[in-house]
Amino acid sequence: MKAIADISIIPLGVGLSLSPYVAACEVVFREAGLEPRLHANGTNVEGDWDVVMAALKACHERLHNMGVPRIATNVRLGTRVDREPSMDAKIASVKEKMKK
Amino acid sequence: MKAIADISIIPLGVGLSLSPYVAACEVVFREAGLEPRLHANGTNVEGDWDVVMAALKACHERLHNMGVPRIATNVRLGTRVDREPSMDAKIASVKEKMKK
Amino acid sequence: MKAIADISIIPLGVGLSLSPYVAACEVVFREAGLEPRLHANGTNVEGDWDVVMAALKACHERLHNMGVPRIATNVRLGTRVDREPSMDAKIASVKEKMKK
Amino acid sequence: MKAIADISIIPLGVGLSLSPYVAACEVVFREAGLEPRLHANGTNVEGDWDVVMAALKACHERLHNMGVPRIATNVRLGTRVDREPSMDAKIASVKEKMKK
């Protein structure tokens, strides 16, 4: 089962600069073989459900190992079985509708 | 690693009545040994990360098997290593502050 | 337009204990005439869209006035025009399905 | 008060193709003077809190007027008072950390 996920990770107890931790998770996602797409409020990834979820867990573990005591994550998670889901197809479909 | 999760599952392509699918996921969570707490916009569960995440996957699979073609889920996910996280403790802590 | 909202407010830069701030928002919601329902990962409210959103803004303002430098909020927001939405009806509908 | 918002709108009861509705909201955001940034799981906007929230409401209203009976939206909402928040600065900060 393929999943598309939008992951927003908020480390708590480390002050106001969250970017070192977001960057660390980008590295974790790449180590997992994913191609993370950073945006202003999260990171999009797509892949096998188990691969995506293992990467998410690895990210929490990495951050805790970096000294983050508490993490609050928000994940938007999409699966579909009518056809192969794709982040590129989702974006292309919206852009095409906007031309009309 | 223990996780507290708030799971909001939205089945797409099955019309406007989502409650049969939310109910099916409650059953899946119980089968996983979790004690789901339903609220008006999701379900709270707590437990070992792997158990919670396996239940979430099983829920997506159950719904797809029930004929749901597409699912959009939002998950709020908390972990902490400074002390044992607990849903009861979170709620009690807020209620205590409200008395003051 | 009536809205049902599930609001999870995460104050940043104030350490690990978030409950004083969640409690402050409960007070704000009540001041707005809403009947907030606290759960382990957020607070559910329902009411006129404008009332709910004004309360959410007031909550951010209250927390910033309490000294919170940064806030990350997640809101699940539901509207429907086929019939009057209701938090009680949503929960009752799921529970009824679980009996079967 | 400036807000950065990540808005994921899910229309219910209109089948599986959501892109016409996402596209309609992009138009609404532009009409509001915002510069929406579409990604695979939502749309990022930044601006004055009231402008952003009025656009979000206008989007729900537009979709209901298009015949969507029910909408489930997830919004990630950030405010900060320590310095001016900026989507570009957030992304640049993460990318800089990744170079190290």
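Chains: A, B, C and D, in written order; residue numbering restarts at 1 for each.
The criterion applied here is as follows: contacts are C-beta pairs under 8 Å (C-beta built on N, C-alpha and C of every residue); 3 or more make two chains touch, one makes a residue touch a chain.
Everything quoted here is computed from the prediction, not taken from an experiment.
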Copies chain A and chain D touch via same or different residues, half shared test: same
Reference chain C; chain at largest CA-centroid distance: A
Rounded Å distance, chain A centre to chain D centre (Cα mean): 17
Mean-CA-position distance for chain D and chain C (Å): 19
Residue numbers of chain A (touch at least two other chains): 12-13, 16, 69-70, 72, 74, 76, 78, 80, 82
Chain B to chain D touching residues, read off their complex: 10, 12-13, 15-16, 18, 69-70, 72, 74
Interface residues, chain D side, partner chain C - complex: 1, 12-13, 49-50, 53, 57, 60-61, 64, 69-82
Residue numbers on chain B that touch chain C, as the complex places them: 4-6, 8, 16-17, 19-20, 22-23, 26-27, 37-42, 44, 46, 74, 76, 78, 80, 82, 87-88, 90-91, 93-98
